[in-house]
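Below: a set of structures, written as C-alpha cells.
Next come two complexes, and both contain chain A; in the first it sits with chain B, in the second with chain C.
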Partner chain A sequence: MMVLRESIIMKIHYGTALGALFLTVIHIMMRLTQDFHESLEYENVIANYESVGYAILLELLLILISVHGFNGLRVILLEMNQGPTYEKLVTIGCLAGMAALIGYGSRTIIMTNMGML
Partner chain B sequence: MERETGAREGLKGWLNPSKIGKFGIERLAWLLMRLTGLGLLAYFIGHIYETSHILDGKAVWDKSLEMTQTTEGHLFLALVIGMCVFHTGNGIRLMIAQMGYGVGKAERPDYPYKPQSINMKGKACIYATLGMAALAMWYGMAVMFA
Partner chain C sequence: MATIHPKLSDELSQTVVSSTKSVKIKIKRSNPNVNSEQKFDEFVVPIEKWTTVLDVLLDVKSHLDHSVGVRYSCRQASCGSCGMKINGKPGLACFTKISELDSDTVTVEPMDNYPVVRDLAVNMDRMINNHKKVMPYVIREDSEIDAESGIREFLQSPENVDKYIQFSSCIKCGLCNSACPTMAMDKTFVGPQALAQAYRYIADDRDKGKNKRLKVIDESHGIWRCHFAGSCSQVCPKGVDPAMGIQLLRGYLLGIRD
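For the complex of A and B:
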C-alpha cells in the first residue's frame, strides 16, 4: 500500500479545506439568488443540476469535502488510539467511506445532469 | 515494555468539563473543532443522501424537503451553519498558527512555564470565531424563518 507522509496529508487537508470553503460560499450564494424556499423547489434544483458548470462545481465540492471530512475523521480516530493494525484499519475504512460517498454523490449529480430521472 | 495508557482516556477525556476549566478556552476550541468536524461530516453524509431523492421524482423530493421546512428543521440547519462557521474560523486560525504566525518567539522555558503559543492573540481569535458563528446562526435563522 502506498503510504503518504503525514506532512503531505496535512497539506492536502488544508488545501481541501480552503477549496471547499470557496466552493461552499458559491453553493450557498446560489441559494440566495432567489427566495431561499423557492430555490429549493424541484424544478429549480433540477435546473441547477442541468447546468454543466454548476454540476462540475458540485462534483468538486463533493470530492473536496469527502477527502477533508474522512481525513479529519481518520485524524480523530488516530488521536484516540494507536497501533499498526488499528491504524491500517482506520485508514482503509476512511478511504472506503470516502470512495463510497463520492460514488453515491456522483451518481446523483451525473444522472440528474444527464436527465436520467 | 509496559504500554503507556495514561493519555488514553478517549471520549471521557474529551468531554471531561474539569479539563476545559483547567486548560481554558484553547481546550474548548480543541473540543469544538472535533465535535463540529464530526457533526459536519454526519450532516454532509445526510445531505448527500437527502439530495439523492431528486432522482425519485417531485413527490419524494418535496416530502424529504418537508423535514427541513419545520421549526425544528430550521433550528437544526442554524446549528449546522454555526458548526460550519466555527470549524472554518478555527481551522483558519490553526493553519495560520501552523505557519508560525501569532505564536510568539521561542524562549528559554522558565518557571511558571507559560507557553508563548497560548497568548491573547489566539484567545481573541477563538472568541471572535465563536461570535461569528453566533452571528451566522442568527442570520441563517432570519433567512429561513422569513
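For the complex of A and C:
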C-alpha cells in the first residue's frame, strides 16, 4: 500500500478545508437568490443538479468535504488507539468511507442528469 | 482516601527555623512494583517565605518519613530531576516556593503521562527515547577538529543564535510532556520536548541534518498530532516555548520556511 507522508496528507487536509469553505460560500450565496423554502422544493433541487456548473460545484464540494472529514476522523481515531493493525484498519476504513460517500453523492447527480429521478 | 500519620504529623520537623508558619503537604504514595494501591499521606512542616516544595519534601524525608520516593539533584532548576505535579500543575519542586502557591495545603503527585516508579519518581524512558530520535546534536560532515589547521570554530551571527537560543535552555525535566493532552491520549506521540529540540537543531545554521530530522517527525504520530493546546509552553520552568517551536517546524514541512 502506498503510504503518503503525513505532511502531504495534512497539506491536502488544509487545502480541502480552504476549498470547501470557498465553495460553501458560493453555494450559500446561490441559495440566497431565492427564498429558503423555495430552495428546498423538489423541482428547484433537481434543477440545481441539472445545471452543469452547479452540479460540478456540488460534486467538488462533496469530494472536498469527504476527503477533509474522513481524514479528520482518521486523525481522531489514530489518537484514540495505536498499533500497526489498528492503524491500517483505520486508514483503509476511512478511505472506504470516503469513496462510498463520494460514490453515493455522485450517483445522485449522475442519475438526475440521466433523467432517472 | 487520604491517610494521616498522627504521630508523625504531630511531631514537628527537627529543622531549626524561626518561622511559626507551617504548611500541610499531601504526598501521593504508590509503588506499582508491589501493588496497585494509591494513597495520600499528609505531613505538617514549618516553612519560611523562601521554602520551596523540594525543601518541604526533604524535610519530610529527613524527619517524618524516610521512605518518601522523590528524585532531585541540583536544587536550582538546572538538572530537571524534581518535576512533579504541584497543586495539580506540573512544576519543578525546587523552583516552586510554598509562598507562591498561596495555599495552606500543598498536594504533590507524580507527573502525568509517565509510568510511576515509586511515589513522586517517574520513569522518563519515553521522553529520553523520543529526544534521542530527533538527533539532538549538530549534524555535519566536517568537524571542528581539523587535521591540518587544528581546532576551528563554526562561527554564527547573533541573529542566527537568536533563532534557536531559547530552545537550548531545555533541561529535559519533562514537564511539557506531562502537561501535553496529546501525550495523555497517544502513547506513541513524539511529544513537545522532542519537537522543540528538533526545531532547536534545525534552526541552527551550523546544522545540516534538517531533512533527516523532518523525516523523523513527519509521521502519523509526529508533529501533526499537536493540537496547539499550548500547555507545554505554560509549564516550562526555563521559558522555552515548545508550542511556538512546533508551529515553526510545521512551516518547514508545509514549505513556507526554508
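Criterion: the second predicted complex is superposed on the first by the 117 of 117 C-alpha atoms of A that agree within 3 Å, B and C clash if a C-alpha of one lies under 4 Å from a C-alpha of the other, contacts with A are read in each partner's own complex, and residues count from 1 in each chain.
Following the convention adopted for this analysis, contacts are C-beta pairs under 8 Å (C-beta built on N, C-alpha and C of every residue); 3 or more make two chains touch, one makes a residue touch a chain.
If you're wondering where the values come from, they're calculated on a predicted model, not measured in any experiment.
Of the two partner chains, neither chain B nor chain C is touched by A:G93. Once chain A of one complex is fitted onto chain A of the other, the partner contacts of A:K11 are limited to chain C, with no touch recorded for chain B. Of the two partner chains placed around the shared chain by superposition, chain C is the only one that A:L78 touches, whereas chain B remains out of contact.
Judged by the touch definition given at the top, the superposed model places A:G105 against chain B, while chain C stays out of reach. When chain A is checked against chain B and against chain C, the one touching more of its residues turns out to be B.
Contacts of A:L21 after superposition on the shared chain: chain B is touched, whereas chain C is not.
Residues 14, 80 of chain A lie in contact with chain B in one complex and with chain C in the other.
Across the interface of their complex, chain B is touched by residues 14, 17, 21, 24, 32, 36-37, 40, 42, 45-46, 49, 62, 65-66, 69-70, 72-73, 76, 80-81, 101, 104-105, 107-108, 111-112, 116-117 of chain A. Residue ranges of chain C in contact with chain A, taken from their complex: 182, 185-188, 218-225, 253-254. Looking at the complex, you find that chain A touches chain C at residues 5-7, 9-11, 14, 75, 78-80, 82, 87. The touching residues of chain B, when paired with chain A in their complex, are 8, 10-11, 34, 37-38, 40-41, 44-45, 48-49, 51-52, 54-55, 57-58, 61-62, 65, 69, 84, 88, 91, 95, 143-144, 146.
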